[in-house]
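Only one structure is covered here, and it is reproduced in the block below.
Each chain carries a letter (A, B, C and D) given by its place in the written order, and its residues are counted from 1.
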Amino acid sequence: MIFCGIDDSEFIRGKVPMTKQEVRILTLTKARIAPSDIVYDIGAGTGSISIEAARIAHEGKVFAIERNPAGISLIKENMKKFQVENIEVVSGEAPGALAGLPNCDAVIIGGSGRNLDDILDIVHERLKVGGRVILNCITIQTISSCLEYLRAHKDEFDYEAIQVQVNRLKAVGPYDMADAVNPIYIVTAIKKV
Amino acid sequence: MIFCGIDDSEFIRGKVPMTKQEVRILTLTKARIAPSDIVYDIGAGTGSISIEAARIAHEGKVFAIERNPAGISLIKENMKKFQVENIEVVSGEAPGALAGLPNCDAVIIGGSGRNLDDILDIVHERLKVGGRVILNCITIQTISSCLEYLRAHKDEFDYEAIQVQVNRLKAVGPYDMADAVNPIYIVTAIKKV
Amino acid sequence: MIFCGIDDSEFIRGKVPMTKQEVRILTLTKARIAPSDIVYDIGAGTGSISIEAARIAHEGKVFAIERNPAGISLIKENMKKFQVENIEVVSGEAPGALAGLPNCDAVIIGGSGRNLDDILDIVHERLKVGGRVILNCITIQTISSCLEYLRAHKDEFDYEAIQVQVNRLKAVGPYDMADAVNPIYIVTAIKKV
Amino acid sequence: MIFCGIDDSEFIRGKVPMTKQEVRILTLTKARIAPSDIVYDIGAGTGSISIEAARIAHEGKVFAIERNPAGISLIKENMKKFQVENIEVVSGEAPGALAGLPNCDAVIIGGSGRNLDDILDIVHERLKVGGRVILNCITIQTISSCLEYLRAHKDEFDYEAIQVQVNRLKAVGPYDMADAVNPIYIVTAIKKV
């Protein structure tokens, strides 16, 4: 069984932006999800991360929080396609949409609107000690807010952050030339206490 | 259980160059190793890839081929540290050192000296159909030779290739600044027939 | 005569961090300095940018503002080495150190401490309409503050911003391998009114 | 007067690929073109490099070699637009098209088809000692051939090479997000003897 690394082309996508395979792999691996984990996927988009998280946490459960109806449909379609049942789609926006959910072992934040601080406050309450929050930040404002929060909450979280850039080689006749993918910041926050 | 994603700092390293965590994760994931797989790790270095591959292929076996005695010692030390037993260290240089080994399901090539074509010829004989060879190329000459071989062997292999660059954010007082890691090309070749 | 592009190794450097050649070239070119221009170089460091700016503005003048005594010495040594006389070294920290200076045609900000907003306010007063401010930002906090200021002052400035990453190929025996240089954000702000 | 750094949007482009501003700046600066220089621009495309080279070499001359009729038209249109007269458009393919040209002080190679070795042989004959050849390589095969040639001709040329990647920040509502530009290798070869 393959735990993560589904090709981008295998997901049903519509026009909703999707995390690219390499970023998905790094995000999921850095989250250190175990088979029986409860995982929040906040801003689940097409559900590509939720699907792979659910296959890793095959005895646990993934809560896919998404506010966009087009995204919600895609998550459900992808669940059918990949025959994954341990995802509960939560329609709405974090932090509000997190209200009734059980505590969790890992959190992935792909989209936070402008509520990042409030989301991280609640995530800290819900997450087990040693649990990990992985944030994918594609804007300067989001990585900046994220670092500002984590620096102000050094007693609650340790963190590390990377920027990743992938260039895909594309064959054009006898040549292979680089086709750039937009870079992304991946932040790993680990709950200390 | 964590399948891959051990931190770089946890490996015993000496002065042997080591694949960085993010590249290790992408390499292992793209290899699509299954629990009972036979894996070759050619140019195993410190054994960081072998250790993680052996934990994924926990019912299978990893052959760690390494010509450098310092590397061989490190692989053995890391096996002890991570309590991994399903690695067989093969002292020597590919392709010669591959002589007595059983057929395989996945191959990782971190170092090939100048014998890449000969290694890929033998790897093709040994690999199952649908099996994957993942090559990490840090020099222009290696990525170029690798693509030349794969273009000349289109009937035997499909391939895709990416370049990955990671910048690690480093906290310096109130600031987070990027610390660049050298980029690498990761090639995935899939045996067609 | 070469207008910009002095090799890094030609500057006297000490232990003061120096803008790398490629970033220096892009910074100076985006500043669109003319021969008779008055230029501020804020956070001048070793003076590498000031030296090149002074050679372009050979009928004008460069004010090199630097608070670090080691930097001030290096700027003076580099002025001697490159026989450049149209630089006035201003010891101190912006915005205070900008007090007595004449109006200007171009501004380069390599280091701003934590006074970026105050500096940009004064720079706007001093800069001619159509004049350019080029900011080199190596931290997330600086690029973020810079963008926040420019978004809040859309009536005063237009802007564009890039991130640049350079990998230098290093010959190692028969191979050429990439040696990564830390990436940097370069912001160009153009005074509208 | 601005010596280089024309915005991409100012050039007439059609569908011919154009070197991006930052790469154009680095290429021209590394070429160290002087006012009275003779410059070859081999594979001139839209002429964006030729136009800027001709403004630097305003007392000299640029030979823009291009085989594609659409490119040749664009070069001529851009010459009119930027009122540059010291460019001679040479229709054809190097090395053949270099036949009747005078010796030169600097050479820029943006496109070489598959004749790179032959082109570099002739360029070496024509170039002054200390003169520079700048090669823009967007494919693995081209950078590889280029390095192979330069390694085989160490007595004739010194070289350095970089890979440059630019991400352009794009404002989307309240956010600035990176928009990746394809990376490129820039090789500088300096004629020794």
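Going forward, contacts are C-beta pairs under 8 Å (C-beta built on N, C-alpha and C of every residue); 3 or more make two chains touch, one makes a residue touch a chain.
Small disclaimer: the values here were computed from a predicted structure and weren't measured.
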| item | value |
| --- | --- |
| Far-end chain from chain A, centres as C-alpha averages | D |
| Chain pair, A-D or B-D, that carries the greater number of C-beta contacts | A-D |
| Chain C and chain D, separation of their C-alpha mean positions in angstrom | 26 |
| Inter-centroid spacing, chain D versus chain B (mean Cα positions, whole Å) | 38 |
| Inter-chain centre distance, chain A versus chain D - centres from mean C-alpha coordinates, in Å | 43 |
| Multi-partner residues of chain A (at least 2 other chains) | 140-141, 147, 163, 165, 167, 169, 174, 176, 178, 183 |
| Touch list for chain B against partner chain C, complex | 114, 138-142, 165, 167, 169, 172, 174-183 |
| Of all residues in chain D, those that touch chain C in their complex | 1-5, 22, 25-26, 29-30, 32, 34-35, 147, 151, 160-169, 171, 174, 176, 178, 185 |
| Of all residues in chain D, those that touch chain B in their complex | 140-141, 143-144, 147, 163, 165, 183 |
